[in-house]
Amino acid sequence: MGRIKTYFSTMDRTSRDDFITYGGLLVVFIVMQGLLSAGMLSNQMRGLLVPLCVYAIMAIALNLVVGTLGELSIGHAGFMCVGAFSSAFFSKINPDMPDLPRFIIAIIIGGVVAGIFGFLIGIPVLRLNGDYLAIVTLAFGEIIKNIINALYVGVDEKGYHFSLSSVNDMGMDPLNGNIIINGPQGVTGTPRSATFAISMVVLFISLIVILNLTHSRDGRAIMAVRDNYIAAESVGINITRYKLTAFTISAVISGFAGALYAHNLATLVATPARFGYNMSIMFLVFVVLGGIGSTRGAIVASVVLTLIPELLRPIQSYRMLIYAIVLIVIMLVNWSPKSRAFMETHSLKRFLFKKGGKEDK
Amino acid sequence: MVSFFTNLINGLSLGSIYAIIAIGYTMVYGIAKMLNFAHGDIIMVGAFIAYTVISTFKLPVWLGIVAAVIVCTCLGVAIEKIAYKPLRKASSPLAVLITAIGVSYFLQNSALLIFGSDPKMFSSVVPFGNLTIGPLQIPGTTIVSIVVSLVLVGALQLFINKTKPGQAMLACAQDRDAASLMGISVNGTITLTFAIGSAMAAIAGVLLCSAYPTLSPTTGAMPGIKAFVAAVFGGIGSIPGAMIGGLLLGIIEILSRSYISSQLSDAIVFSVLILVLLVRPTGIMGKVIQEKV
Amino acid sequence: MALLEINNLAIHFGGLRAVDEFDLTIEKGELYGLIGPNGAGKTTVFNLLTGVYKPNEGIIRLDGKDITGKKPIQINREGIARTFQNIRLFKQLSVLDNVKVGLHNRYGYSTAASILRLPSYFRTEKEMTEEAYELLKVFDLDKNAATTLASNLPYGAQRKLEIARALATGPKLLLLDEPAAGMNPNETQELMDTIKYIQKNFNMTILLIEHDMKLVSGICEKLTVLNFGRILAQGETKAVLADPEVIKAYLGE
């Protein structure tokens, strides 16, 4: 009790901001869960619940790298891919475990494996800067996708078999063996354990991890590196360490998202559209449209931008075109210095309070 | 041994197409300081225009190529004016990157609406067949690709080093503000850059589809990304670097596809890029710029 | 023993000897000035001292310990903190957080403690906030420090915040690179008082680069004059400023 009291007394604007995020998300969860239990959601909407959570988690994970650390990553779908396949692998080889504990372990495995990848990739990648770092993350994302696409894993009495070229190459007993990862055909028959409730819990946990990290000593160091790495070094901040911290934690959370994603699909394949740079770019769009650095914005943008094409489904053939135009227009309106100045002088607030344009300067 | 040379020549051919695309990427990056993600889709537009003129309207090949170049040049300039220019002074460089992605989606989906998703068979624009040197069979498209890319790079180098607009490009690439103080029209120079880059993309599109004849709305996406990799590989902002990067990338891709694994060739290409960047963080021909303290 | 001892320091960029045969000794508690015309190599000396550049020759000793060629982070941990000529604040962070980043290495709790919000998080954060406010008070920056972004501070206040951030790292030696640049005479006077205050109350040794002669002659006890990367004159402030060579370098013939 005492600690809660101190918490509120020391609560500043940022913590209050966090509470709005948590609270809003909780309300959305309760409403959606209520509608879901009451059977009031359309099929389409029900099918979207888990992917929406997955995208929201990816958006906040990527925001930690792009917004908080200030480095551009176009390979985050790769970490999600690793999380998805490693967790699906675990669930497939443990068919007899009860569903919920197996899924929890699978999520953790997805996160840990993705985290290890994030750490190992981060060591060389984070030495680079700006666009070079971006292109290397893209390259790693493509490599991961490419290798998983060529990966065959099977199990028989003699144990596990691997190959990077074909099923027959594995040397597995063709009669009694069981193919787990089947190259471009991916993983089939992963238990569909991902419910909306579990996905929301994972989203909450990810959110807590990211917000708590951001508002701590480590988070300050990460943002200091972003704002001015030379000054950060001059006050003794170990740049590599904090870049790696942010990158690895982001990869772990992407792994969680991947695990949810894998356990929501009957067939998990690493096609270009699913785990390639296209998907990484989609997450990047969420982050930028949500307002770079804003965790809540990232969540809202991921939901809105996933729903727009879905709502446009009736006009199937035009929907992606409209989506593209909406994206360009939003960027131009939000980011162009001219339109920003225009919005400032013509804002509703100013109109209501009848303030002149000049005196505020 | 013969098969090795055949592969090498195929690699050079693919590489010279990458090089033409990469030069467009690198010029825009060097002067406008932005990654034009839609560059790959301009290739696709160029190929579709040529396809429409040549196969649908049954007009001569040269007209198809000229039409593709003109349309892509106008398209590139229009995209720059409408979508990129307003964001040139935006507070985050990511803004214009995301807009470029939006433009890329826009082009792909427009093509999807107009031409449909089934791949079109593109008939090669090269009027002659294979050239036989001893045991070697060299396809006509290969020779044309290599020659065209060499001619384009040579012409571009001459243009940049010997003409006033070319010098203005160099000046803008070094310091845009200083260039504008010297009376150089920065807007005009950036427009010119987009025009040249897009015209080259159109040519690359025609060559690419002559060598690999399936044409669909996503045709430009992967070559676009690969060319971007090639540009970084050679040192982004450097035209000779883009040329070398493109050629190397094409050779590595074809050789690894033939000798190591066709499934893993992309992974190998990207791994080589990572290795190069770890040894030389600004690419093969890139300059190291240290921030002044 | 002197706090800072530099012997025969040199660095060249290509053929240019930016700093050459540079010697400097600063005693504990001294307020020392480094002056010279533009391009004389003053900031380069700072960059050599803080590990931004590695010297080609020479030895730098802090408190008797050789720190030559160490990295910026290590040098900060050994006890040298600096400000920058072109202000380098953490612009998107609050004024308070800028100072708290400076306190980073003097307080600690684990990453796990921050994510799980363990008691050590609350305890340490509270201590850090308190010390940060104490420092900010010295510079009269404590008002709304938690809600004002560093980039929204007026220019003079930004320079002061940089000094506060440097002091937060608990240095033995404080390097100030043109602290009065861009300030009006009133602000400069105020800054001079603040620098004196720091020297006295923090028992701080200070080396500063400055062009404002009023500030230099007003507070520096000793001076070194650099010209074309070499020492032109060195010693007590008054004597150095009366040196005809120095006057010639500043005013021309």
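Chains here go by letter, A, B and C, matching the order in which they are written, and residues are numbered from 1 within each.
The criterion applied here is as follows: contacts are C-beta pairs under 8 Å (C-beta built on N, C-alpha and C of every residue); 3 or more make two chains touch, one makes a residue touch a chain.
Just so it is clear, the structure is predicted and the values come from calculations on it, not from any experiment.
Set side by side, A-B and A-C show the greater C-beta contact count at A-B.
Averaging C-alpha coordinates per chain and comparing to chain C, the farthest chain turns out to be B.
Rounded to a whole number, the gap between the C-alpha centres of chain B and chain C is 49 angstrom. Spacing of chain A relative to chain B, judged by their CA centroids, is 31 angstrom. Put simply, the C-alpha centre of chain A and that of chain C have 42 angstrom between them.
Residues of chain C in contact with at least two other chains: 52, 84.
Among the residues of chain A, those touching two or more other chains are numbered 230.
Shared interface positions of chain B, defined as residues touching 2 or more other chains, are 293. Of all residues in chain B, those touching chain C in their complex are 293. Against chain B, in their complex, chain A makes its touches with residues 66, 72, 124, 127-129, 131-132, 134-136, 138-140, 142-143, 146-147, 149-150, 164-165, 183, 230, 277, 281, 284-285, 288-289, 292, 317-318, 320-321, 323-325, 327-328, 331-332, 334-339. Chain C meets chain B in the complex at residues 43, 47, 52, 84. Considering their complex, residues 50, 52, 71-73, 76-77, 81-82, 84, 88-93, 97, 100-102, 104-105, 107-109, 111, 114-117, 119, 121-122, 124-126, 128, 146-147, 165-166, 168-169 of chain C touch chain A.
Against chain C, in their complex, chain A makes its touches with residues 3, 6-7, 10, 12-13, 208-209, 212-213, 216-221, 223-224, 226-228, 230-239, 245, 293.
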